[in-house]
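Shared between the two complexes below is chain A, which has chain B as its partner in the first and chain C in the second.
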Partner chain A sequence: MFAQLTTDPGESGFHAPKVGDFFPGPIVEGAPGWLTKYTILVAIAVVAILAFFLLAYRDPKLVPTKKQWFAESIYGFARNSISQGMIGPEGVRFAPYITTLFVFIAAMNFFAILPGVQTSPNSHIAYPLVLGLLSYFIFIAVGIKKHGAGRFFKNHLMPPAPWFMQPLLIPIEFISNFIARPLTLALRLFANMFAGHMILVVFTMGGFALLGAQNILLKPIGILSFLMAIALTFLEMLVVILQAYIFSVLSASYIGGALADEH
Partner chain B sequence: MALAEVFGNLSAVGYGLAAIGPGIGVGLVFASYIQSTARQPESARITQPFVWIGFAVIELLALLGIAFGFVFAGDLA
Partner chain C sequence: MRYAYLAAEGKDVPIFPIWEELLIGAVAFGILLYVLGKYVYPKMEETFRARVDAIEGGIQRAEAAQAEAAATLEQYRTQLAEAQTEAARIRDEARADAEGIRRDVLAKAAEERDRILAAGTEQLAAERQTIVRELRAELGTLAVDLAGRIVGESLADEARQRGTVDRFLSDLETAGRR
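Our next item is the complex of A and B:
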């Protein structure tokens, strides 16, 4: 009986999610190859963000309406806490970029928990990679513009240390500052959304499989599995905002490091 | 007859082992934050961004385990 309990997959069977699920084809037959679910979701996110901020700030009042207050507090948070907190007084210049990054990533991540969609463009490595490379180029460009190429690279490659340590330190600094930064920015966001989607699919599909199992004892566990899926959706809600926040905080701190006078 | 046999894939066990380190690390980050906040509550706002940066950097190690699990499995598509 125990063997049946553990191995009997039931009629519907259980199909673990595959990596291939994250590479959907064109949305309809015959559409061009780039027109996948993800590109459409990105377009929706862009339009929604534009519409929200334009509508919220179309007719600004001294005493803000609810919508205006919401938009202003998002921008205020990104400007005061993230930009100025990480970069310093100069951070106001970068507040638009940081805010855009924060809101755009949050909106794209939000698709991961939106019922009916439940997949985020960020669970495809291409989208986080572009965002990571954007932050990477911006922090290098900003640093070179402020200090000149020589001093910028000297600040970022040569930590203050005795000269005989430099052959050891320069490669380490190079890898951590110029190779790992865009990669880790992209991978962190990607892996979070990827794993989040994977977990939700496992619990939801597992719930169906267990409900459809022939063994009556397994059916209640199917309910438990669905409840776990719901609980983990709330956890994902936290991850959605947290990852957007972390991405923008790290971008801001890279820019802040590039602008800093001394290492 | 084999004494013990393993079916399927050991990568889940491997990932579990790989997640121990980041788990301890993330625990240390938040433990330190709670401690410092308890000792000096007015520093809570100042240290918060660094908590999240530290958390993100450590958490990445566990996430690399997820990504590279699939990379080394060799069946990405």
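Our next item is the complex of A and C:
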């Protein structure tokens, strides 16, 4: 089918999205190379989050207004369900971090379904990676502070097993707890947002290409392609929140594990 | 710049982070965490606490009010029961008093009646005795008188006889008037 489509040399021809599409040049000619669309989106996310929370919580009341209630719900959810749910009563201490993580990731992910933008800064590995590493360092710092380095590493490297199994288990635990954790956190989020954008582009561009195809029979498939793009946007809506949730839950879970007495 | 030219050659590797973006991400997250952590979350915690206080305080106040109301109700009930007992006691006393008074009055009335009856009977008996005594005395005198006269005078003298009788009668009348 693509072969047939690509035979059309016109402007409506199908261009499969490439990785290179994710790395546009600077927004303005001559600006530094890092000042891309993604940088702007991150800045917008930060400003929007701050504006929302500061405005909604400018004058808090016991009986909240709708905005105040919404802001409180977000914090309450991250505080009670995620932090306290994963860490326990001590989790309240980490609620600000977990909430900020959740809100920041969700806001950046949201660009993936925002019409006109439809790509998230999290489809650049750097943003998920920096957050994943942050969670990772907090996990280690909290564990060492609570148990001391020796006990913390022992807890996380030596599972309760016969001594002769330890040579096998220690490398496995080391890889799963100290190498894989930040990478999986970052890669899961990055891959979801990267693939989400790719899929939306494929179906949207494919729709245009099929509608513009010379073969009349392909036009209805173009409509189908648009419908798929819309349906997948709804799916992305779910992914946007879900990935932010998973990232926060796993971060809280790692911190909880570091604080726990036994492995 | 590096990536712009890599993109041009189609050599991008999406899992290699752009180091500037690592920095941007860290700074963006840091700003968020600082501002929200300083101006928003503490206020939210405060609001949550105030709300819990308000609700718990309200419940406590309601419980106190309820306890007070229950105590007052209990007090009223006790007082009411006391009042009822008191009223019953007073009623019983009054009834007993009334019974006593009635009995007293009846007894006094019966006594009075007996006394009056006895006095009347006594007086009647005395009067009768007096009358009998007087009659007896008079009758004797009269009989003596009459007999004397009958014996002393001639029965033939009708005129005198009539006069005797008349005198006797008038004497009787005189005696009766006396």
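Criterion: the second predicted complex is superposed on the first by the 252 of 263 C-alpha atoms of A that agree within 3 Å, B and C clash if a C-alpha of one lies under 4 Å from a C-alpha of the other, contacts with A are read in each partner's own complex, and residues count from 1 in each chain.
Operating definition for what follows: a residue touches a chain if its C-beta (ideal position, glycine included) is under 8 Å from a C-beta of that chain, and two chains touch if they have at least 3 such contacts.
Just so it is clear, the model here is predicted, and its values are computed rather than measured.
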Partner chain in contact with A:Gly85 - chain B first, chain C second, else both or neither: first
First, second, both or neither for A:Ile246, with chain B first and chain C second: first
Chain B versus chain C as contact partner of A:Leu131, first or second or both or neither: second
Dominant contact partner of chain A by residue count, chain C or chain B: C
Touched partner set for A:Ala195, first chain B, second chain C, both or neither: first
Touched partner set for A:Pro17, first chain B, second chain C, both or neither: neither
First, second, both or neither for A:Leu187, with chain B first and chain C second: both
First (chain B), second (chain C), both or neither touched by A:Gly212: neither
Chain B and chain C contact sites that coincide on chain A, given as residue numbers: 19-20, 23, 187, 190, 194
Parts of chain B lying in touch with chain A, wherever the complex brings them together: 49, 52-53, 55-57, 59-60, 63-64, 66-67, 70, 75-77
Touching residues (chain side chain A, partner chain C) in the complex: 18-20, 22-26, 32-34, 38-39, 42-43, 45-46, 49-50, 53-54, 57, 60-62, 64, 71-72, 75-76, 95-97, 99-101, 103-104, 121, 123-127, 129-131, 134, 187, 190, 194
Sites on chain C touched by chain A in the complex: 1-4, 6-8, 10, 12-22, 24-26, 28-29, 31-33, 35-37, 39-41, 43-44, 46-48, 50-51, 54
Chain A - residues contacting chain B, complex: 19-20, 23, 81-82, 85-86, 184, 187-188, 190-192, 194-195, 242, 245-246, 249-250, 253
